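Shared chain: chain A. Partners: chain B in the first complex, chain C in the second.
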Partner chain A sequence: MIRFSIPRTIFAVLGSFLAICFWPAESYSDLLSGTAEEAGLRVATESRERQKGFGNFTASLTMTLRNKQGKETQRSLRLKVMEAQEDGDRTLFVFDHPRDVKGTAFLVHAHKTGPDKQWLYLPALKRVKGISASKQSGSFMGSEFSYEDMGAVEVGKFTHRFIREEPCGDLKCLVLERIPKSQDSGYSRQLVWLDREELRTIRVHYFDRRDEHLKTMVVEGYAKYLDRFWRSSTITMINLLTGKSTVLLWSDYKFGTDLDAKDFTKTALKRIR
Partner chain B sequence: MLFEKTQRRIIRNPFTVPGKDGRNVPASLLPAVFAVVLGVLVSLLPTVAYPAGFTDEVDISGRLSTETWLYPQSAAYPDQRSYAGGLALETTFYVENEEGTSITVTPFLRYDAGDPDRTYGDFREAYLLMYGDAGDGEWELRLGIDRVFWGVVELRSLVDIINQTDVIEHPNEKIKMGQPMAHFTWSGDWGALELFAMTWHRARIYPGSRGRQRYEFIVDQDMISYESGAKKWHVDLASRYSGLLGPLEIGLSLFNGTNREPTLLPIFLDSGLVLAPHYEKIRQFGVDAQLTRGSLLLKLEAIYRAGAKNSRYIQHLNTLEEEDYIAFILGSEYTFYSILGSNSDLILFAEWAYDGRGRWATNAFENDLFIAARLGLNDPQSTEFVVSVLGSLNKSSRVLAGEFKRRLSSDNWLLHIETSAFLDIDEDDFIYYVRRDSYIKINLAYSF
Partner chain C sequence: MKLLSEIESRLGNWAIMLRWPIIIAAIVLTGIATSGTLLLEFSTDHRIYFSKNNPQLLAYQAMEDTYGKRDNVLFAIVPEDRDATSALALEATEWLTERAWQIPFASRVDSITNFQHTAADGDEILVRELVDESAFSDAEERSRIRAIALAEPALAGRLLARDGGVSGINVTLQLPGEDQMREGAEVAEHSRKLANEFQERFPGIDVLLAGMVIFNQAFMDVSLDDLKTLIPVSFLAMAFMLLLLTRGFSGTFAIMLVVVMSVMTAVGVGGWVGLPMTSPSAVAPVVVLTVAIANCVHIYSAVVNYMHDAASGTSENRGGRTRRDAIVESMRVNLQPVFLSSLTTTIGFLSLNFSDSPPFRHLGTFVAFGVGAAFVLSVTFLPALLSLLPLRVRASLPRENSLIAMFGKFVVRRSRQLLWGSGLIVVVLVASISQNELNDVFLHYFDESVEFRKDSEFIVDNLSGLYAMEYSLPSRSPGGISDPAYLSDVEAFAEWYRGQPETIHVNVITDIFRRLNKSMNGDDPAYYRLPANRELAAQYLLLYEISLPYGFDLNNQIDVDKSATRMIVRTQTLSSNEVIALDQRALKWLEDHAPNIAGTVSSGTTLMFANLGRRNIISMLVGTTLALVGISFILIFALRSWRLGVTSMVPNLIPGALGFGIWGLTVGQVGISLSMVTAMTLGIVVDDTVHFLSRYQRTRRELGYTSPDAVLTAFRTVGQALLTTSLVLVAGFVVVSFSNFELNSAMGKLTALVITLALMADFLLLPPLLMKFDANADGALPPLNS
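For the complex of A and B:
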C-alpha cells in the first residue's frame, strides 16, 4: 500500500511544481477556486490590478447620442486621468462641444470605498461647485451612460460573485455578477463578461432597481499601450427600455504625460481650458 | 445752500469726455473703447513679445446673443419703456506657451436699441496666468483684469466681493464686471490661500431714465465720489483661505478696501433730483461653507461688514446712516436623480436670507425665504425648467420666477426664456421701485 502511495505523492508535488513554473500566476483556474464569492472577488481584483500602474493618461472622447428614431447628436470632450497613491483614480473631464458648455469641467476624486468627491466648474460664472456624489446614477451629458459608468470600477464598491464561463464572440469569457454597495447607485446588479486571458471588460448588463435588464454595454477595439495596458476604442451603451443608445469613440490616448496631483485640484479646475 | 455744498463735494469722473453734441458721453462707453484698443494690442502680443512661445495653443470662443425684455405692466415712473431689445457679444481669446503660461482676453460688448446707458463695453477678462510648483504644493499668479467667484448659495452672492456686479446686464446680480488685480494663490493638501491686490475701482453702472428696474431717481454717474483720497486708485486688499475638512468645504475671506456697493445720496440739481454714488471704505469678514451628505447639500454664507452705510436717510446731514452689520444666507439643496426611472433630475432649493440692518438693509433680502425647483431632463438638448418663489417673512412682497432653457436642434443655438413677477411689493420694501417691473426675457444665443 505504502509503496504505491509514495510515487503518487511525488507526481502530485512534481505536477504542482510544473504547474507553478509553466502556468501564468494569474491562471484563471487558480482564480476560480473556492466559493463563487471568493472566485468573483479574486477575478475582479485581478482584473483591476492589471489595469493599475499606468500612472496617468489623457484621451479625447466623442459621444454620439442616438434616439429611438435614429436621430444623432454629437458631444466631444477631453479626459485626463491620474492614479492616486492608495486611493481611487483622479479624473478630469473637459467639455468642448456643444459650444455653450465649452470649458465646463468635471473633476472626480474617486475613493476605493465610500462616496467620491466631485466638483463642477462653470466657466461663465468662474464658479467651482461641489456636487453630490449621489449624482452617480444621473445621466452623463444626456447620454445613456451614467456618471457611475464613466470611471474605473473600484472593487471595494461592489460585492462579487462568479457565475459561469462561456464563449463570447471569438473569446472565452468569465461571467461575474457585481452588486453595488452604495444605495445611490442606479443599479441593483450588473453582469460582467471578462475575457479569460486578459480579464478585459467585454460586455456589461445593467439591471435597474426593479431588477429589469435596463442597459447593455459592449466594449470593442482593444489595443495595448505601453506593452501592458488595454484600452478600447469603441464603447456602445444601449438602453433596452427606451431604445436609445450612445457610442463613445476614444482617441488620442497619451500615456506618461506630465500630469500630477496638482492638475486635479480645485485651483487647477479654475484654469482649465 | 445745500445745493452749493453738495456741488463742491462732488468729484467729477475723470473718464468722462465731452460728446460731439455737447452732452457728455457716458463713462460706461470708455471701457468699450479701451477694450477694443487693448484687445488689438493683446492680439499682437504673440508675435511681438513672444516670437517663439504662445503659439502652442490658441483658442477663440464666445457667444453672440439677442435679447428681448418685455414689461407687460405700465411703468411706475415717467419715460420708462415697456420693451428693451439688444445684442451682446462676449468673446474669449486664449493663448498659451509651452510652460503653460497663458493670456486670456474677454471683451464684452452690449448694444441696447433704446437705452444709451445700457449700450456699453467691458473687459470681463484680460490677464496673464502663470503657475508652478512650490514644494509639495503649487503657486499661481494672475495679473490683469479677471473675475473671481466666492460662494455656495443660489439666491445671491453674499461673501463674493472682488468684482463689481453688473446690474444692468441682469438685475439678479450674478453677472460681474472685470476687475484689475494681482491674484496670488498658494495651494497644497492643506487647502488654498489666496491674496488679492486690486486697484482701479469699477463703478456700478445703472440704467438711464428709460430703463426699467431702476430707482425713482436717476443715478448720475458724473457725481461719483469716494471716501478714499486715492479715489478709484485706492489699493484694495483681500485674502481667502479655502479648504476641505472631510465632507465640509469651507472658505474664510477678508476684504479691506472700497465698497463695490455705493451709497446713493440724493442731490438736487437744476434739472431735478438725482442720486450721487458714494463709495466708502469698508472691511468685510466672510465665511462660506458647504456640507455634502449624499444627495443633500447644506450651505452657509455669512458676512460682517464695517464702514458701509445703510438705507436710512438723515435729512439734516444729507447723508445715510453708517451701520456695521452681519448678514447671512442659510441654504440647502436636495437632488432626486433619475426621477420615475427617467433621465431627469429634480433639484429642490430652500434658502433663508437675513440682514441684520432689517428695514434699513440696502437690498431686498432683509428676512426672506427662497424656494426653488429645477428640473433637468438630461436630454440631448439639455432642457431645463426652473420655478422659484422669493418671499419676505415680515412683509407682503413676493417674487415669482420661472425659467426655461433648451438647446435648439442645431447645437450652437440656445434658447433661454425667463420671467419674474413682482407681487404685492410692500411700500416699505427696499425694492418697492420694481413693483411694476415684472418681465419676460427672451434670449437666443449662438455659441462658437
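For the complex of A and C:
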C-alpha cells in the first residue's frame, strides 16, 4: 500500500511555482545541451533546486470549484509548510470554510522514499485519525486538482524530455514532457511550460491514460518573496472532459515564521484552531 | 378547370414526344439527388428520440450537467461455475477492470475488485481496493471479500449478484458529444475487442456487454440490418407480386425502375437536407418502395387495359387503339387520381412531423420526398418508358366476366346487407379500441434474436436491473446534505424504495455515511448508522474525499456546493406505465414523508422513454386530426362534391379505427410507433377511395350512369388495380414487420392490417354508401368540364 503524497501536494500547490534564484548558476544554453532527455532532466532538476531552501511559510488559500453550468462553491483554508532536513516537506492544512468543516486539520509528512504519512483531525469527533489510502491519484478535496498535480514535482518520479522553446504570453518558455514512473498515476504524461528566465511553471497539460488531453493548469500572478522565492496568486485547472474547473487563489504568504517541527506533529493537530 | 383537363389530355402526348429528353433528365436528376446519400449520417444516440424541448430530456440534461453523464458500458462477468469470487473470477475481474480504463472517454471504472473499501486499523483509517493480488491464492481472503461485498449495499445487487454468481464492471463515459456516432462506435468497438480478448484469456468465464452505449449501438446495428435485409427482400417481393399480378415483364421492369429511382431520390434528398438515419427512419426506403408502386400500377394497368380493349374491341371505348393512344388515355384518366393520392399520401406522412420524437418526423419527411419523386416520375418518366418497351397484351379474361366484375355485381346486389353487416362489425371493433394499453418496454425495442436483448435479459435476471430511475434530492442550503434531518429523510426514501417489489438496487449516499461512521469508530457495527450531527457528517465527507483515488470522487453523487445528492434506483424491466406509476408513487411518498428534501427531480433514460409513448400519442392526435381535415378538404375540392367528399371519409377513417380494434383484441399493447400508424395509413388508404370515387364520378358525369352502374364500372375498371396495389402495399409492410426492431415491426404489422381493412371498406362499404347517399342525385351533378 502506498501512502498519499499530500505533502508534495502542498508544495505542488505552491511549490511548482517556486523558483529559487541560484541565477545564473548555469547559463541557459548549458541547460539545454545534450540530448532531449539530458536537457529535460537538467531543466527539471534546476527548476526544483530553485524552490528549495525557503525554510517555512504560511499562506491562505481559497478554492473555487465550478461545474459546467458555472455553479460554484468555495472552500477556504490556511496552510503552513516547513522544509524538513533530508526529507520531504511537512504541510498542515486547516479548514476555515465551509463552516461545518471549520477546524478540520490535515497533516502530511512527505517522504522522499517510501509512502507519505497523513493524519486528519476531525473536531466533531475530537480525534486524530491516520489515513492510509492505496493510490495517490485522487481528486484534491473534490476539486479538479489531483494530489499529484499539487505536490512539488520530485524530479526522480518522472522521466523528463525537453521538447522545444516557444513564446508563452510575454515570456519565453521551455516546454518539457514528463512521464510518470508510477503505475498509480492518473496520467500517461504531462507537458510543462517553464519560463526560460526563472524556470517557473506557467502552464501544464495533463494527458489521461489514453493519452487524451484531459486537463490544463494555468499559473498566474507570480510575486517574489525573500528576494528568491516565486509564489503565484492564481492557479486555474480546467477539466476538458467534464467542463468543470477549479481556481486556487493564494494570499498572505509569510516566510520565515517561527514554525518548528513541533507544529507538525500528530499531537499538535488537536491544538490547531 | 379547362386548363386542368387540357393538361390531362395532353400530358401523355408530351411524355411520348419528349420521351428521350424526359428519360435522360430523369436519370440525371435522380443521380444528382442520389449523391446526397453520401451526406447521410447515422445517429446512434438514444437522445435523438427526444425533441429539444421535451421536458424529460431537459430534466435529464440538467441532471447530467450537475452529476456528469451516465453513458456507460457494463461488462457482466459470468463464470461457468457461477462463483464470481473464485480465484480465477477475481483475477479476471481485476484484469478487465484495469483494461477498461483504456476505453475511450472512460471517466470511471467500478467493479468489486477496485471498490474503495474503508476499514479501521487502530487509529488509522484504511481506504483501499477491496481486492488485491494476494486474494488470488488465498481462499480465506476470498471468502472475506465475498462476505464484505455481499454485505455492502453499494455492491450487492449492482456489481455483484446477490447470490455471488455473476459480477459486473461498470465503465462510466463522458462522451464529448461532438460526433456521437463516431464516439459511440469507438467505445463499442473497443469494448467488444476487450471482451474478446478477455474470453481468450479466461476461457472458463463468459462476458456479456450491456449499458447505454451498447444500447445505442444496438439501434445502429438493427438499422443497418434492416437496410441490408429488408430492402432487398421487399424489392424482390414487390417485383414478384407485380409480375404475378400484371403478368408483364416490361411493365414490372418499368415500374420497379420508377420505384427504385423514387427510393434513391428520397434517401438522397434526405441526405441533402441533413436528415439523420435512425432505426425508425431506416425503414423509409421500404416504405417508399411500397407506396410509390401504387401510382405506377394504376397508370400501367390502365395502359394495358386500353390496349386490351383495343385488341378485343369489347370496351365502351371502341375503336382500334395504338399503344400511344392507350398511354395518352391512361394519363388522361389517371393524372387527377394519381396526383390526389400522391398529395394525400404526402400529407399523411408529413403529419408525422407533429410527432414529439424526431426519428419519426424524419421517417415522414423521407417518405414524403419519395412520394413526391414517385409522382413526378410516374407521370413523365413512366409513360415515356412505356412507349419504348415492348408491351404484350394478353387477350384473356373478358372483363365483363372477370372475377372482380362479378364481385362488383355481388356487392351491388347485396348492398343493403353489406351496409348493415359491416356497420355491425365496425361498431364491435371500434369498441375494442379501448382494449389497447399504452405499453412500451424499451429494452424490448429489439426482438429476442438481437444479442443485446438476450444479454440484457440475462443481466437483469442474474446481476442487476438495467432500468434506472434517478432522483436528485436537494436539501435546503449549500452544504445541506450533511444535515442529519436531510440525511434521515434520504435514508428513509431509500428504504422505502428498497421495499418496492420492482426495485433491484438502490444507490444512495447515506450508505457511505453509515460505512464511514462505522470505520471511524473502530469498525463497531453499532455505529453503522448516520452520523449524529452536521459537522461530523461534513467532516467524514471531507476525509472520504481526501482518500479516494482517481476517478472515484463523489461528483457523480453530490453536486458541487453539496446541496443535493443523486439517488439511483435500478428496477426490473418494466412497461412504460409501470415506470411512470412507480415514479409517481415515489414522488408522492417524498411529498408525504420527506419534509427536508426540497423539490425532488426524477429523471433518467428509463423515465424519458416511459413518457415518450404518451407524449407521442398526444402530439400525433393533433397531427392526425390535421391530416384528416386536410385530406378531406382536398377530396371535397377535387371531387367538387360535398356529398362524395363526406361519404369518402367513412372508408378513410374506419380502417384505422378497425385496425386498432383488432389490435386491441389480439395484441393489446400499443407503443410509440403505433401512434403514427393512423396518420401514416390515412394518406395511403385514401388512395383507394380516390381511385374508386374518381372513376365512379367520371362515369356518372361523362356517361350519365346511375349510381349502381357507376359502381359496377368502377369495380370493373379500377377494381383489379386497387386489389393489386393493396396487395403490394400489404406485402411491403409485412416485410417491414420482419424488422428486428420492435417499433418498426409493430408498425409494419398494424399498417398492413389497416391497408387490408381499407380495401375491404372500399369494396364492401363504400359502394353501398354511394348507392344510398348518391342514388337520388342522378343528373344533379354538374358536368365535369363546366
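Here, the second predicted complex is superposed on the first by the 244 of 273 C-alpha atoms of A that agree within 3 Å, B and C clash if a C-alpha of one lies under 4 Å from a C-alpha of the other, contacts with A are read in each partner's own complex, and residues count from 1 in each chain.
The rule is short, and it goes like this: a residue touches a chain if its C-beta (ideal position, glycine included) is under 8 Å from a C-beta of that chain, and two chains touch if they have at least 3 such contacts.
Predicted model only: the values in this text are computed from it and were never measured.
The superposed arrangement places chain B and chain C in clashing positions on chain A.
In the overlay built on the shared chain, the residue A:Phe106 is in contact with chain C alone; chain B does not reach it. In the superposition on chain A, A:Phe95 contacts chain C only, with no contact to chain B. In the superposition on chain A, A:Ser245 makes contact with neither chain B nor chain C.
By the document's definition of touching, of the two partners only chain B reaches A:Pro115; chain C does not.
When the two complexes are overlaid on their common chain A, residue A:Ser47 makes contact with neither chain B nor chain C. In the overlay built on the shared chain, the residue A:Gly130 is in contact with chain B and with chain C.
When the shared chain is aligned, chain B comes close enough to touch A:Arg271, but chain C does not. Once the two complexes are overlaid on the shared chain, A:Lys262 sits against chain B while remaining clear of chain C. Stretch 153-161 of chain B is the one among 117-125, 135-143, 153-161 or 279-287 that clashes with chain C after the shared chain A is superposed. According to the touch criterion, the shared surface of chain A, contacted by chain B in one complex and chain C in the other, consists of residues 65, 67, 73, 98-101, 125, 127-135, 137-139, 142, 146, 184, 186, 241. Contacts from chain A toward chain B in the complex involve residues 65, 67, 73-74, 97-103, 115, 117, 125-135, 137-139, 142, 146, 184, 186, 208, 241, 262, 265-268, 271, 273. Of all residues in chain A, those touching chain C in their complex are 1, 4, 6, 65-69, 71-73, 95, 98-101, 104, 106, 118, 120, 122-125, 127-142, 146, 184, 186, 209-210, 212, 241-242, 244. On the side of chain C, the complex with chain A involves touching residues 65-66, 68, 101-102, 104-107, 121, 123-129, 174, 176, 478-479, 482, 520, 531, 533-540, 542-543, 545-555, 559-562.
Residues 57, 59, 61, 63, 94, 96, 102, 129, 131, 133, 137-138, 140, 147-149, 151-152, 174, 185, 187, 192, 242, 244, 249, 290, 292, 294-297, 335, 337-338, 341, 343, 345, 378-382, 407, 411-412, 414, 445, 447-448 of chain B are the ones that touch chain A when the two sit in their complex.
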